[in-house]
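Quick one: the structure is below, questions incoming.
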Amino acid sequence: MDNFQTVLRFFMNQKATIGYSFMALLTIGGERVFSMVSFQCPCNHDQNFAYGLTFLLGPAGVLLILGLFFSTRLWRLYTGCCLNPMKLCPRGNCFGSLRVFMNIFSGACVAPVMWLCVALLNGTFYECAVSGLDDNLVVDLFCKNKTLKCREELARVPCDRSKLTADERMELLLMFRAQSQILGWCIIIISAFVGLLGTCYTNCRSKVSYLQLTFWKRYVEKEKECFDTFAADYANKLAERNLQSFFENNDPVPFPFPNHRAWEEIS
Amino acid sequence: MDNFQTVLRFFMNQKATIGYSFMALLTIGGERVFSMVSFQCPCNHDQNFAYGLTFLLGPAGVLLILGLFFSTRLWRLYTGCCLNPMKLCPRGNCFGSLRVFMNIFSGACVAPVMWLCVALLNGTFYECAVSGLDDNLVVDLFCKNKTLKCREELARVPCDRSKLTADERMELLLMFRAQSQILGWCIIIISAFVGLLGTCYTNCRSKVSYLQLTFWKRYVEKEKECFDTFAADYANKLAERNLQSFFENNDPVPFPFPNHRAWEEIS
Amino acid sequence: MDNFQTVLRFFMNQKATIGYSFMALLTIGGERVFSMVSFQCPCNHDQNFAYGLTFLLGPAGVLLILGLFFSTRLWRLYTGCCLNPMKLCPRGNCFGSLRVFMNIFSGACVAPVMWLCVALLNGTFYECAVSGLDDNLVVDLFCKNKTLKCREELARVPCDRSKLTADERMELLLMFRAQSQILGWCIIIISAFVGLLGTCYTNCRSKVSYLQLTFWKRYVEKEKECFDTFAADYANKLAERNLQSFFENNDPVPFPFPNHRAWEEIS
């Protein structure tokens, strides 16, 4: 039983890692499903770019918005701000809430960046998008050392219907894929570096030492858990009392309850 | 046993997420079934547009109406309004009930928008609808760089009976599908954005803090549960008393019971 | 039961070894997956070098950053350094923290070096990178004693589409692979040597004897374990007390708690 507890505690400590791994697997699976089932490059001069870009950026945008949606901290900070704008800038400096916003935003960016990386490493969407580019400069770059047909048939390269020779087509496809993957790795490294710098900065500015910080993190977690239990308990008691008084048609018994100001303070 | 409780509580907290996932799966499955079994484009100049649009918007309308049907809040607000129209506009401002209506309407819109997105991402319905368009401008756009036959045969493209070459037909089909999917992603992103803005707005205008809000949400849930139990209990007791007094043919014993006004108030 | 304890203790002692073996297996598996699924040399003069280098160094960079991320010691040293730069250089000599930084960095280098070795021993990435080199000196070296075509077709060697004879192509491929593996073994030997020297140096400079050192290592481990348990316990108690006082709307009972200075000292 003790061993089981140890294993459980180990997994609880690695919660964040497990969560991110799960998210990565989900993203990869989703990308596979999309590029298999739904994605089919139109191979059309006017639409390729818009279509490819939609599949690259659309899901990323949706993931970003979902990330903001499920952020408890955003709503905790945000509630009642219209009625009391002073809350965002207590004592004249808006810097604190700006930093919290940055923090929330960067947290919500994890999933979209993951999607972008997975999609770019696979390369299907980028292929379609870039083959529809109409800019002369780009087309010249792609069709260097190729026959004249290349310029006309560029948009048909992702599909199997171009009039180019199989060799030329293969070459173009491999080039697109290589560009896509290089771009994907660049995004991965840049975002990892930015994440490291950000963590450095926040840790650097914190007034408390590292061990104290870990203690407070654990405290906050525990408090959230306990808050849930306590809230459920109190809500249950309150509901029973109110309904009893309603059905029996008499005055409710007094009930100890935190006032409005106390709620404001703990938020 | 404790572990099981934790798992159960986790799933209860994710109730909304699970519900929406279930709804999404149901929508996708329904769309598949419809487009496989029931949908068959007439490939006819005059009917294509109406037929495609019916399949796109018909189920969406039905889902909207169903959503309004099963909204408890709508009926709670609405009962007795005909007899007492003042109830909708207490103290002269109808703004409050208008906001509640907006709220209910947006909640009922989730399923129709989901249907629209799934149907557009699949593209079968849109294909049929758009190929029946008669407008010269649109047809010119579709048949650019194509043979003259294209204009005549446009309506037959979704079926396999057009006289166009397989290549041309494929090109048109891919173009329609691309348009449909781009449109679908646009709707997804716009509705996600609107949802985020709406949540921002309601949270912004709320007078209570976020934690208090979560507490009240839980309280309302509990109250509903308790109300069910209490109501069943009291109804049982009342029925027994009345029947007893009826069979024993004597006056019913007095019974504490909330009066009519109290019922009105809690609604 | 006693035997089980012995086995468990044996494995606990070999924790580091098991961890490194696991990491090595993961690296090898990851390299295989990447070179099978994702990697496809573009066989293009301009891109080969960038593409191959991206796959060689990109994952290594990501692993380095991840290693720094999960280093507890780095953050323990680093917190609060901006607010109090004196902390990094206590009593005027920055040598101590510099040594700790070196230590942390070398620890984080293990995984990237492992990746480099595995990738070079396999040779796929190096092949692609080196075949895209444009430098005359290198090309001359590669194409010594070969036909003139060799210079033109060098970039197409990793793919199966070059116009060289199968014999010549095979010769070039084997040469590339041999270079890659020699490079890989060099890196392995150099890093092992550097690791040995580093351990020698730190043991040489330590004031305590080897047995004392092993005792301290074990003590530090135990302390960390105990700290976790104690912190969880105290956080739980504190959270319960605060929430109880909040819901019952009265003053919290006093709670013994270490002050800020004590936290600073133990970090």
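Going by the order they are written in, the chains are A, B and C; count residues from 1 in each one.
The rule is simple: a residue touches a chain if its C-beta (ideal position, glycine included) is under 8 Å from a C-beta of that chain, and two chains touch if they have at least 3 such contacts.
This is a predicted model, so every value here is computed, not measured.
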Excluding chain A, groups that stay connected where the other chains sit: B | C
Per-chain Cα centre nearest the global Cα centre, belonging to chain: A
Distance-maximising chain from chain B - centres being C-alpha averages: C
Distance between chain centroids, defined by C-alpha means - chain A, chain B (Å): 26
Centroid spacing, where centroids are CA-atom means, of chain B and chain C in whole angstrom: 50
Residues of chain B engaged with two or more neighbouring chains: none
Contact footprint of chain A on chain C as seen in their complex: 38, 40-44, 47, 50-51, 54-55, 58, 61-62, 65-66, 68-69, 72, 75-76, 78-83, 159, 161, 227, 231-232, 234-236, 238-240, 242-244, 246-249, 260, 263-264, 266-267
Of all residues in chain B, those that touch chain A in their complex: 9, 121-122, 167, 170-171, 174-175, 177-179, 181-182, 185, 188-189, 192-193, 195-196, 199-200, 203-215, 218-219, 221-223, 225-227, 230, 234, 256-259, 262, 266
